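Below you'll find the structures, each written out as structure tokens.
Both complexes below contain subunit A, partnered by subunit B and then by subunit C.
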Partner chain A sequence: MFLKMITSSLIRRRSRMLVALLAVAIGATILSGLVTIYYDVPRQMGQVFRSYGANLLLTSENENPLLSEDVDYTRNLIPADKLVGLTPLRYETVRINNLPFMACGTDFAGLKKTSPYWLVTGDYPKDDSSILIGQSVAGAVAAGIGNTIVLTGIDSTGSPFSEKFTVSGIVQTGGNEEECVYMNLSELEKLMKNSGSLDVAECSLASSGSELESIAGMIELNVPLVKARLVKRLAKSEGTVLKKLQSLVYIVTLVVLLLTMVCVATTMMAVVAERRQEVALKKSLGASNQSIVCEFLGEGLFLGAVGGVLGVFLGFMFAQSVSVNVFSKSISFQPLLVPVTILASVLVTGLACLLPVRSATEVDPALVLKGE
Partner chain B sequence: MFFRMVFRALVRQWKKMLMIAFTIALGSSLSTAMLNVMFDVGDKVNQELKAYGANIRVVPQSSSMVSDRYGIESESFLLEEELGKLKTIFWAFNIVDFSPYLEGSTEIKGGEKVRLIGTWFSHHLSLPTGEELDTGMQAMKSWWSVSGQWLEDGDFEGVMIGSELAKKYSLEPGDKFYVMEEGFSENPLIVKGIFDSGSSEDDCIYVNLALAQKIFNKKGLISSIEVSALTTPDNDLARLAAQNPDALNQVDWDTWYCTAYVSSICYQIQEVISNSVAKAVRQVAESEGAILSKTQLLMLLITILSLIGSALGISNLVMASVMERSKEIGLLKAIGAYDNPISALILTEIFITAIFGGIFGYFLGLGFAEIIGQSVFGSYISIKVTVIPLVAILIFAVTLLGSLPSIRLLLSLKPAEVLHGGH
Partner chain C sequence: MALLEVKNVSKLYSGGSVKALNDVSLTVEKGEWLAIMGPSGSGKSTMMNIIGCMDKPSMGQVILDGKDITQESGKRLTQIRRDKIGLVFQQFHLVNYLTALENVMVAQYYHSMPDEKEAMEALERVGLKERAKHLPSQLSGGEQQRVCIARALINHPEIILADEPTGNLDEANENLVIDIFKKLHAEGRTIIVVTHAPEVASFAQRTIVLEHGKYSKEIKNNN
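Presenting the complex of A and B:
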């Protein structure tokens, strides 16, 4: 009987119930959408912050060179989902037209990940005989893209070398990278006639604050000859700015939720309040206050549950489209949000129903039915 | 007669109207708060990103960084007296901080060669324009952790040394040491603070600019300037201009010059500092752009969601409240009222309520925006006038959208049926 009353009332008053359901669904959508975004923002934003480049440097303990094998070992130690890029760098002095410059041997695939802010006119070198030169170098030796330049110097055995290279690109950074000549690490090792040693390795890790410190500690503990130094400027600033952004989303979520929930509640109240006549009629036919409240509450809870389920899906779709549009990545589904959203919408609608129904039951049915 | 009906209706049903006004106020406050925050979030986040330090570096034209890599004394310098001119460029207001540097290498008595850098830590500057400002490196190196204290302006004995250097010579704050320069081998320098910057700066000595000029005998000269400026993320025009500003046509050139792109600020700096090259530090400038545009887009989407939410919320409630007046409309029709006056009557009632609710909500929303600004950024969100028409249009549109269809529906019903109660 109870269920029949609820379902028939829902079906009979289609348009009004649709209005109420819409209100609940909007509230639930905003709840689940914003909370999903709130949880996902630090992770996604962390990726954006990686455009600042490396936030951890691997150098050697004491005066020893940094060994390539230690760097490779470290690469496997770092959790794969945290590692954005790792680039080995080896610096040697070379001369072009007798002017001294720094030559840097590196891995260009990694470099693109750890230094995404580089502006390269032309191309990154594709083979061993091409090099990338800094803008200051290009100015100093008057070399352009496609030109051939000769690098001379002294190798590790003490004998001089001289080798021709093609300039494939010119790099602009606004920093002292513009003073360097970049080539494949294997090529520099061939020139210097020794391999396996590096000066530094740059790591770009998608983490900040204490998590980054613990990764650095873990590396130093496991690879005794490697010193892991945080690039404090990035590590510290990233933590501060990310925290600000997260608290922004947090408080915005809070304000929006608060206002939306009140909005949902007033709509529910309006929908219920207009049924004072129905309440009065039931009362005059002999229904007890309790059974009337129960019936309205049942309707409200049903609406809350359906709206909540709808909201879970719509909210996730919203969060997903935000994530794809802003960060071009898909978002992770938070299973815990399903019960929380449904529960919240059931609670809000339940409460919103209860207040007007109670006041309606307290009024004398005769007065209401007469139209006062 | 019409207004008396409206007025009576409002008074008689004040409870119901109050609820409508309340919901509209909520919707309007939500839109006001979100729009204000969204319009200001770029500036606010930009300010936060200044934590990453300078995004523009100014060096003398013929200098190259080859010199500082090999310790060769650079031969060209910038003039200290021109620094104040940075605050006279078109985008002067966007220059948050700047700091001059004079670098050179010296030898610690009983030790090796080290780099010694003179700078402003927190320097008070009075400009010829009458403007007063405090600027310097302290504000631009937020990530330095200092034990001891920062150097004060006008301290001609004190130095700050990097943590690596301190470890090497086992120096503590309060210790003295000598540098092998004329006139200084007898006068000690006192360590006031030791900093840890996590970069190559940790091997350097920092002193006040005037002291460095005395040590290196370079009175009035500086070797570089770091500038921290608020900039607009680059677009295609800015990228084109950064390559060669002269290639732009007049209209584009004006747009570029009058927009706070990092390249136009660099260009303007070069105009006022003689013999200088101003370069964007791409690591900072590029990343700032990326983070700013992502944050703005994120806020825009959240704002759209909350606007849709409040729009649906308002129109929903308006619809519900119109629907419940079927009896009244039926009665009006039964005693001979035409459709148009009935619609006008109901619409006027609702719009009067909406105006009150909307205005109240606007001010409530400003309050929410300031709560957000204060709790997140610790500063006030600037109130944009453009928000007022936006919110007004939104409220007007959703109220109309919410009430019109239901009024039409009710008008199409037969009075007899409605009044009889069989709907």
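Presenting the complex of A and C:
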């Protein structure tokens, strides 16, 4: 009979209950959506921050050069799902038209991942005879895309070398990179007649804050000759932005929950007010306050559960829409959010019902049934 | 022993300046049909609320089925009302989202256990078996009042307490309701009808008249 009364009340008084259900469902939708975003923001923002460059540098622990084999070993230590890119870099001084420049040997496939913000006019080198030159270099030696330039210098044995290269592209970054010449690491090693040593390796990791620090610590622990340094500028600002964003989402979620509670409480107040006569009748028939509380709370919790279920799915659509429009990426469905949203929705609705339900127990059947 | 004894009952409001009931006494025997009459403001409703365990007297004593219920708590009065009183209202007061059958079963639910068969039999007694699945909005005033009577009877109360049971009905439906009360009285039920209509009161065995909260007179009706 209890269930019959609750379901009949909900079904046969549709319009009023739809208003309450709408309030609960909207609250649950925002809650579910914002919590999804709350947990997905670090991933999304992490990917956005990766476009600003590497956030971890590998250097040698001492004065000796960084060994390629240590970098390869480190690459295997980093969790694959966290490693966006790793680029080895070796710098040597070369001359072009007797002007000194810095030549950098690197892996262009890795470079594209760790420095996606580079603006390259033309193409990245596709073979060992092609190079990428900074815009300053291009201006200084009056070289353009497709031109041939000659690099000269002294190799590791002290012998001079001279080699022709074709300019495949010109790089613009607004930084020191524009004063360098970039070629394949293997080609630079061939020119310098030695291999296996590097100056630095840039890592781009999809993590921030303490997680990034723990990965750096893990590298230093396992590869004694490698020093892992955080790029503080990026790591710190990433952490700060994420923290602020998460705080914002947290506050908005709380405000929405509060508003939902107020909305449901107001609707339930109206429901109780318009059903005072029914409450009075039930009391006159012998219903205890406990029965009245159970019935109204039952209706409220049922609405909370249904609103929660609706909120789970609408919230995911809401979060997906936000993610696609703001981050241009889709999000994954979090199964844990189903019970969390339903429970939160039931809890908020239950709390919102307390005051209206209390007023229902204060109905005096003698007064109300007489129409006073 | 009388089923109900109301001894020197007064009900005061506004700190004692308003006396809704002033030293009223009455007795109702088991199986008796009593009418309480009086004009508006005479204290009929207050008397009904006190007899119906929905209010407590300020002074005096109410003894129901041999037990003094004057000082009982609100919770205990609810239990007594549930077990011993069947209420019939002028405005019918049916739960608008429940069918006629469910409205009868609600009273069973608060009393003990809902029993659809028994509830249907109660509706059959008032001639509404065919309307059992209808909502109150689909029933006429007379039919709603008959559902209200079926609901009042379902838990086999000691007293059927009716407040202006025909006040909202046309003559045909009034006769139907009076006929039901006659049958119930013939079966030995105790009925107290609060009314301002002499023709309704005339079907009772006795009529007690209240005026300005005081006992005025008693009329024997030879029924």
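We take it that the second predicted complex is superposed on the first by the 323 of 372 C-alpha atoms of A that agree within 3 Å, B and C clash if a C-alpha of one lies under 4 Å from a C-alpha of the other, contacts with A are read in each partner's own complex, and residues count from 1 in each chain.
The working rule: contacts are C-beta pairs under 8 Å (C-beta built on N, C-alpha and C of every residue); 3 or more make two chains touch, one makes a residue touch a chain.
No experiment lies behind these values; they were computed from the predicted model shown.
Touch criterion met: A:V41 reaches subunit B, while subunit C stays clear of it. Once the two complexes are laid over each other on the shared chain, residue contacts for A:P365 go to subunit C alone; subunit B is not touched. Residue contacts after overlaying the shared chain place A:S291 against subunit C, while subunit B stays out of touching range. Once the two complexes are laid over each other on the shared chain, residue contacts for A:S214 go to neither subunit B nor subunit C. Looking at the shared chain after the overlay, A:L248 reaches subunit B, while subunit C stays out of its contact range.
With both complexes placed on chain A, subunit A has more residues touched by B than by the other of subunit B and subunit C.
Contact with subunit B, but none with subunit C, is seen for A:A140 once the two complexes are overlaid on the shared chain.
In the overlay built on the shared chain, the residue A:K4 is in contact with subunit C alone; subunit B does not reach it.
Per the touch definition, subunit B reaches subunit A in the complex via residues 16, 19, 22-23, 26-27, 29-30, 33-34, 37, 41, 45, 48-49, 51-53, 57, 64-66, 68-70, 141-145, 196-199, 279-287, 290-291, 294-295, 297-299, 301-302, 305-306, 308-310, 312-314, 316-317, 319-321, 323-324, 368, 371-372, 375-377. The touching residues of subunit A, counted against subunit C in their complex, run 1-2, 4-5, 8-9, 11-13, 277-278, 280-288, 291, 364-366, 369-371. Of all residues in subunit A, those touching subunit B in their complex are 15-16, 19-20, 22-23, 26-27, 29-30, 33-34, 37, 41, 45, 48-49, 51-53, 99-102, 115-119, 136, 140, 172-176, 178-179, 229-237, 240-241, 244-245, 247-249, 251-252, 255-256, 259-260, 262-264, 266-267, 269-271, 273-274, 318, 321-322, 325-327.
The touching residues of subunit C, when paired with subunit A in their complex, are 45, 49, 52, 54-55, 75, 78-79, 81-83, 87, 89, 91, 93-98, 102, 105-111, 114, 135, 151.
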